[in-house]
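So, here come the structures, one by one.
After this come two complexes, each holding chain A, first together with chain B and then together with chain C.
The block that comes next holds the complex of A and B.
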């Protein structure tokens, strides 16, 4: 689809001219570089700001994060200034020790296990509910826009506000959920204070937060499936289930692969829900990798920068492996992506 | 994929398309009503709580001595307005800068084929995966060494890294829906690619810009991790950090917290509901075209 910049107007004429003149006189590679620059500089200039932002604020910190993960840096040995005194850094390079510790210790693997459970259950539930609701909303039904508006509401409220609202509902002594249960004669449930209940509670909250996005994206996908397909299938005697299986699902393929990938990545890294609902507690029961890594940097004393960076790098590696694997599977199924 | 959870095709048992049995209709409506109640209730509950005096905050009565005292207390006795201003400043700057640079990038990626394009597209996707944990310490150090901790500018720069990759992705989807003939007519009239972008395409992409602006704003408005780590001291907090002051491990001040929640959520929700139609188009355009 994309048009080559060489095929365009001023850039083309000027570029070709300059390039030809150059390549006769001087070396070929220099001419090629020059030509490339003069034909593509519009495109490059337009992407430059983003490239700079990414390089400076993501690229450099990433490299530095990887370096820190290979050291024993913590709050006590990094460079810092106390008053006017500059204290130089005294941390040392320790190679892969942090990684060995993380991968052989039980803490990382335990947290990883829960993080995977959390991600898979959140994404599966969100997708299932989103798909179901999108299918209903895609029908002719009275009050459709009103329902849609109400169902989108959780998405409209800033995430941290919603999470506080849930914390309010979950409160063991005074929360509404337990008051309602008490009205039915049921004992108070320790929503956020018992490891198992806390896990269910954080998942429920995250699903509540995620369904609107899923629903809206899938609804968009459904609306792009031509109605004639369904009519033709009906003529051929396909039952509703067959129509869903053979028209709706294939029609949603590209949307659903994208939203599943995105929502997996987002959920894996979902910081605010865990941090604001339980702070990873009780104990470390609901701590996912991201919140634990944050805790190492900002909540324990002394702050353990090396450990935090190590976990961060491992998270990144896991996600990239997942994305690459996901893409390979899609490609095998003939998806152009 | 997940196929067992879609009650609708089975519910539609009638052979004639567009007609369904009354029972199926009732089923659909009940499902939607239950879902809507679950969606709305937590938000509504906070709104109702904010209108009750603090001593009734945790009772199940929906309306009890309706009062605005939570709001007046919040505005008079806490630094809420300062936090609000800080958030507004940070989110506003993020939006303006973010929209501009993601629009140019989206346009370049949509229209031109250039060396490095594939790599850039990949980078935009991969940066979505970057956990806050791997970047936060180095960025914290950079901001500290540049004296940008506790400064709105530091947060703005940080938020750009979150908002821009996704926004550029969405803008590309929007630009893809604008016919190329318009660009070509611009070139014929002697406009440069920048001129074409600025004068012809950008005005046509207004819905896309609205969506991108909205997304950047909401991202910055609702970010928690960086805001909690970078901003300290009551007068420097943004709303995400400020609201945490009302709920700590020792207890919660539900009155001011619920009032603050409403004041934070209402403007965001209004803007959102206004923008959501475009948002749907933008998301699905971006998603379908990849």
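The block that comes next holds the complex of A and C.
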């Protein structure tokens, strides 16, 4: 709420200023800019460093990436100077060729298909599990804080450590999971060596990593729902499912829309889990768009900077389209974020 | 009197100059006029961690005995990452080592990209005629020498003599025998016959050569991986895995292979001299005599293992070129090679080292020397280092049943034709 008020007041102030400027009838925007600078110079000076830093660390790479995606730049033809060897750049502008290749070839579309399956299943599972656990932990059960602590643990451990731990668990011959299965008389499962099992394994790991965030966020949402609503519903004879459906879900809507959007973007670009667990393998079975873009830029040889940038730009466009679409759907439902 | 003053002044001036030289050993400057080397030499080693790296580190740091003003900074970079890491660092111009242990196939590629300093006429190359011809072949690119051969190797079958005795089998000489032997081992001992790495296509090469295939035919500028022989080789390895004669992994292949073999869970593996020291560390090989080594099995068209090995190359952007040249020379000198061979059973690249008694008497070296002499050389073109990435993806796909040998071979061939412009 506080944010809304500030936003309004800023908008109003800005509106006033513009109106005043026009009413004076100078008609020269230059004069307005000058005056704006003279009255707000302090604000501009304060904002300037941030603007410069953002331009340098976000704007420049972005523009450079878009430019490279329109060329045929690779490791052999970019400029480099190593000691006495000065090698000038010889790459050329090729227009939209890279985009045509990516969108008409089977590799991009195939990888995109699996990326979508991966994102949807990970987000759906983490959300469902997170919601379930948050509901349990929201009750007054014995040892609640201990449970909360344990359930938040996967989030507290650095991501790469968890992923390496999972890699040991999944090891076909020496991993804990197969040893447990062997105890039950079940044959060893080729967790990371079979394409289908590998896909299930990476999803399981990512869900394990993602649940704590969902749980904490939804638990916060649950605690902001007034208890009186439940009491009143109970008085009216609503059963638990009806209470969940008509009080909990609407009460959680603003939290859940935000976490689903965030989680979708994160999972879509979840580099470490795939890269550290399977490196996109076996073969290319678990390769998602970002790991493939990384592969173009750092693993194949000669490194294909153009192709990698093309995929990067396409990933950005896809996520922007998704966010815009999602926002529109929410707006129709009367939500603002 | 006057002359005396002049002489004193001269001496004083010289003293100042020398002091200035001596004081500048901060790492940014190499040797100065005085001829003594100074500064820091960073060396990226890629040898096996846990066994080889300790020996190499010690030997490298001993360089300072001869050159007390040089600091050697030893860094072990895992072999699988070194190629990319070096390319990243070399291109950006920061963080690259002065000297890198470059796999033979990487050397022409690094040289082509302009990352390596030419070594002809520098202190790095001494007694060049002493180097084995095959070892020196990979160091030349466009008429210049870009590296010094450090070790040479090839591959053979490592087998567990105890398991073989238990199962009552002989070492297989062909792929067909390999299947029969594995079946018998499984039946008698319940163990798997062969471990075949599924995450590294280098382990596929001896099967490819065995069927008469190769990656490319460089003299004729032809891609040969998708020839009938190449397809057959893919079928052979797939059959080994499908029939249960061999087990494989698509991730962590090296560790899984070494663990399985060292613990006696598999009877055979295909490997090279670089694995000897690590294998002896396993409990199954506490008695070193239990390890047997034999030539790789022959295919339907012949028998062959790839020639591998490592060179020492100097980064063109090194701020300390003279010390780096001297370091490369020291690490590949006959004395150093003899020391390394004695401790790690690695094969030296100098003819003269093989004549030394403790090298000549080393069983592993005695075995691998004739194998290396016959080993299949890879084409030393700049793209050699690029040929494995497309191959390993399809190789794993074939082994895990995601594609057929025919389709896999064709995909790799198409990838090569894109990489090697104007090749057939």
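Quick note on the criterion: the second predicted complex is superposed on the first by the 290 of 337 C-alpha atoms of A that agree within 3 Å, B and C clash if a C-alpha of one lies under 4 Å from a C-alpha of the other, contacts with A are read in each partner's own complex, and residues count from 1 in each chain.
Here is the rule we use: contacts are C-beta pairs under 8 Å (C-beta built on N, C-alpha and C of every residue); 3 or more make two chains touch, one makes a residue touch a chain.
Given the structure is predicted, the values throughout are model-derived calculations rather than measurements.
Asks: On chain A, which partner touches more residues: chain B or chain C?
Replies: Of the two chains, more chain A residues are contacted by B.
Asks: Touching A:302, do we find chain B (first), chain C (second), both, or neither?
Replies: Once the two structures are laid over each other on A, A:302 reaches chain C alone.
Asks: State whether A:195 touches chain B only (first), chain C only (second), both chains, or neither.
Replies: second
Asks: Contact-wise, after the overlay, does A:294 reach chain B, chain C, both or neither (first, second, both, neither)?
Replies: First partner only, chain B.
Asks: Counting only touches as set out at the top, which of chain B and chain C does A:174 meet: first, second, both, neither?
Replies: Both: A:174 reaches chain B and chain C.
Asks: What is the contact status of A:284 with respect to chain B (first) and chain C (second): first, second, both, or neither?
Replies: A:284: touches chain C, not chain B.
Asks: Once chain A of both complexes is superposed, is A:154 in touch with chain B (first), chain C (second), both, or neither?
Replies: first
Asks: Based on the superposed arrangement, let me know which partner A:235 touches: chain B (first), chain C (second), both, or neither?
Replies: neither
Asks: Looking at the overlay, does A:217 come into contact with chain B only (first), chain C only (second), both, or neither?
Replies: After superposition on chain A, A:217 lies in contact with chain B alone.
Asks: Is there a shared patch on chain A that both chain B and chain C touch, and which residues make it up?
Replies: After superposing on chain A, chain A residues 78, 167, 171, 174, 279, 298 contact both chain B and chain C.
Asks: Over in the complex, which chain A residues touch chain C? Could you list them?
Replies: 75-76, 78, 80-85, 87, 167, 171-174, 192-195, 198, 277-279, 281-285, 298-303
Asks: Show which residues of chain A lie in contact with chain B when the two form their complex.
Replies: 1-5, 8-11, 36, 40, 42-47, 49-51, 53-54, 57-58, 60-62, 64-65, 68, 78, 124, 127-129, 131-133, 135-137, 139-143, 147, 149-162, 164-169, 171, 174-176, 179-180, 183, 208, 211-213, 216-217, 219-221, 223-224, 230-231, 234, 240-241, 243-245, 248-249, 254-256, 258-259, 262, 265-266, 268-269, 271-272, 275-276, 279, 289-290, 293-294, 297-298, 305, 308-309, 311-313, 315-316, 319-320, 323, 337
Asks: Please name which positions on chain B make contact with chain A in the complex.
Replies: So the residues of chain B in touch with chain A come to 1-3, 5-10, 12-13, 17-18, 25, 28-29, 31-32, 35-36, 38-40, 42-43, 45-46, 49, 57-60, 100-102, 104-105, 107-117, 120, 123-142, 157-158, 160-161, 164-165, 168, 176, 180, 187, 192-194, 197, 218, 221-222, 224-225, 228-229, 239-240, 243-244, 247, 249, 252, 254, 257-258, 261, 264-265, 268-269, 272-273, 276, 279-281, 283-284, 287-288, 290.
Asks: Name, in rising order, each residue of chain C that touches chain A in their complex.
Replies: Interface residues on the chain C side: 83-84, 87-88, 90-91, 93, 109, 112-115, 117, 198-199, 248-252, 256, 259-260, 265, 315-318, 321, 385-386, 389-390, 393-394, 396-397, 399-403.
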